[in-house]
Amino acid sequence: MAAGRDSDTGRIEAFSDGVFAIAITLLVIEIGVPHLEEGTTLFGELVEQWPSYLGYVISFLQIGVIWANHHNRFRFIMRSDHVLLFLNILFLMCVAFIPFPTALLADYLQGTERAAAGAVYAGTLAVTAIFFTLLWLYAATNYRLIDRNLDPFLVRAMTRRYVFGMVAYLFAFLLAFVNVAASLILIVVLALLFVLPEPGEHAKFSRRDSEPG
Amino acid sequence: MAAGRDSDTGRIEAFSDGVFAIAITLLVIEIGVPHLEEGTTLFGELVEQWPSYLGYVISFLQIGVIWANHHNRFRFIMRSDHVLLFLNILFLMCVAFIPFPTALLADYLQGTERAAAGAVYAGTLAVTAIFFTLLWLYAATNYRLIDRNLDPFLVRAMTRRYVFGMVAYLFAFLLAFVNVAASLILIVVLALLFVLPEPGEHAKFSRRDSEPG
Amino acid sequence: MAAGRDSDTGRIEAFSDGVFAIAITLLVIEIGVPHLEEGTTLFGELVEQWPSYLGYVISFLQIGVIWANHHNRFRFIMRSDHVLLFLNILFLMCVAFIPFPTALLADYLQGTERAAAGAVYAGTLAVTAIFFTLLWLYAATNYRLIDRNLDPFLVRAMTRRYVFGMVAYLFAFLLAFVNVAASLILIVVLALLFVLPEPGEHAKFSRRDSEPG
Amino acid sequence: MAAGRDSDTGRIEAFSDGVFAIAITLLVIEIGVPHLEEGTTLFGELVEQWPSYLGYVISFLQIGVIWANHHNRFRFIMRSDHVLLFLNILFLMCVAFIPFPTALLADYLQGTERAAAGAVYAGTLAVTAIFFTLLWLYAATNYRLIDRNLDPFLVRAMTRRYVFGMVAYLFAFLLAFVNVAASLILIVVLALLFVLPEPGEHAKFSRRDSEPG
């Protein structure tokens, strides 16, 4: 454990990583094996259920990116308290819920109820983003729980990044009522954006490299 | 590994954490995707199955709080033996069972059988609390397995805390026969109580901070 | 990592622990929520499916005890090779299979097919015990992979213990064809036996305590 | 953490190990408990669903071998970047998908659609092999992320090994259209090949042994 780091943040991270790994791997059990009827082929039926694969891919990407961002953030969070623990449980509650709206999306993406399914899906991601932002704001405000040596510009850049993400996911939620495809495209673009290097990441690493290991 | 700490407590903790993380994440697979019938909307059907979401939220909170308390307790338990190992397996058997009464609650909370479903749910949590208390009593009696430097007042405060929790969950079990809603509210209140800082936690940390790391 | 210990045994242990924790927690999803029919009560239907709870409890105990024994054994195994890795994958294949015969037992314990269900259940545990014994024999023969300082009497005691367990589970398999209840009782007794302290465990620990940490 | 090793590779490994352990253990839930009809026996019905057990065994072996190879590879990868993180998420997306084609294979291996089921199964493994090779090529090209002290002959041997595996799995995919049994036998042979010691592994270990721990 690094000097000054509370071992409790380590256990929160390990537990969260377990939940991420399980939620991401459970996504596959929502994909059903097709039952063939007279005059259909397995290949045809498998192609028919493309929304299941699409939901699998998008949700896998989302949870993977959430995992990476959660982990990156806990490199800055050096101490924990009961509020952080509680906010993190609420945040995990959203992440572990994702397989349900994914199954919903798979079943209803092709029908007349696709707006409702898309809105529940995007809405779940938006609520997840809200709790992630709250977690960060709680930890970062007045350097309550984060590393006191962090550059204030970096802290503010992070806050902007998460507030932007939260607003963008809320927009995807609203967009689902108008155009589900556009909403899903926005969600994928957001995941790809959030897998990119963070602002100031290079500067931070450089600083660490110059310290004795 | 800290001096004087048996590495076996570490493996019991890691295994338990795995079970907690999986049990908490499995809760979502009990929420079924609604099948629409003539004249119903997806939104309406989703609202209709609110007991599933309620069960998910309450059980997620319970398991999250159980995880936090189990972890806090194993910071005091420095040695392990075969009885502790066995009691811990029985305790995990209760925790891993929680998804079943949660599904029961979701299916029967709105019907005439809600008292039975609520009683099974609260009863499972009560039995879980009983095994947790037994685990603690076994470890703490005569400082059998806990840190010998722990303040006796703190040890007694912990015992009171767990005995209180056990009695309160048993009361929630009885209450379910009279009023399921009141029983569930009590269960949520108990979770929120047990996520609060523990008695003497600040004193304990202060002491540790003054020791050389 | 202890001196002389191959880090590969650590990764085998961590992966195995993950499989144990998931298999043990998946047991609950085989317990179905009863659907009430005219003239039945939830309480009555829940009592009716007692074989599901029995299967849950017995299998949870089995996997818990397998986990503890696997972990104890890997404290002696200091090196790994590809054969050990492969034998361990085959062993895990048996452990991860246990939820299936458990579900079988729950469904058929009350009917005319209970001997077949009980035999498949006990047979799975017997095959698991065979692979565990093979793993140990491979590692222990000529001290191939185990700690070279281990007392030869202890190594032989372990071998006897595992061969005894293997034979006893095979006997439980045969017994299932005659009397399923007797077979299940034997299986529970075996689990309780294998959770007891191992032969020579005290001696081993004493020796370690006298060494510098 | 070893000197010069980025702790980020450790977290990628831990997360990947979680996904492997869960995917491998989820395989069992695709095996259904048979429902007996008039004139059938449990034993007969269990024998009837042999493709389920075959699929379980083959997929367990595949994921076990993928886990071992992924772990071996990350012993060479000393640094991580966002592209590696992303490629690894795509790779895990394939691994976590394996339970679905396994269920497909179990259901359709005996019917007229066995070529389609076998092709989807072998195809999934081929795509997994492609992403694993891409991951390695990205990390190894110009020693971008791997240990700079690695013997160039060893690096090239690894590249050949993975390109060979990729081509062999693609061949198994094509073979499935002609003969599913032959395709599955090839897949099992490939797993057994990839569990063998790697080229140059002995040399590498010898070098490490001569270094101070």
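In order of appearance the chains are A, B, C and D, and numbering begins at 1 in each one.
Definition applied: a residue touches a chain if its C-beta (ideal position, glycine included) is under 8 Å from a C-beta of that chain, and two chains touch if they have at least 3 such contacts.
Just so we're clear, the structure is a prediction, and the values are computed from it rather than from any experiment.
A.B. asks: Chain by chain, through touching neighbours only, how many steps does the shortest route from chain C to chain D take?
C.D. replies: 1
A.B. asks: Considering chain A as a copy of chain B, what rotation angle in degrees (nearest 5) results from a C-alpha superposition of the former onto the latter?
C.D. replies: Angle of the fitting rotation, chain A to chain B: 90 degrees.
A.B. asks: From chain A, which chain is the farthest off, judged by mean CA positions?
C.D. replies: C
A.B. asks: Where the centres are mean C-alpha positions, what is the separation of chain A from chain D, in Å?
C.D. replies: 26
A.B. asks: Based only on mean CA positions, could you tell me how far chain A sits from chain C in angstrom?
C.D. replies: 37
A.B. asks: For chain A, which residues are shared contacts with two or more other chains?
C.D. replies: Correct list: 18, 22, 26, 29.
A.B. asks: Given which chains touch which, is the overall layout a line, a ring, a star, complete, or other?
C.D. replies: ring
A.B. asks: Let me know each pair of chains that touch one another.
C.D. replies: A-B, A-D, B-C, C-D
A.B. asks: In the complex formed with chain B, which residues of chain C make contact?
C.D. replies: Its residues touching chain B are 17-18, 20-22, 24-29, 31, 33, 36, 41-43, 46, 56-57, 60-61, 64-65, 67-68, 71, 195-197, 213.
A.B. asks: Contact residues on chain C for chain D in the complex?
C.D. replies: Spelled out, the residues of chain C in touch with chain D are 3, 11, 14-15, 18-19, 22-23, 26, 29, 82, 85-86, 89, 92-93, 96-97, 99-100, 103-104, 107-108, 113, 116-117, 120.
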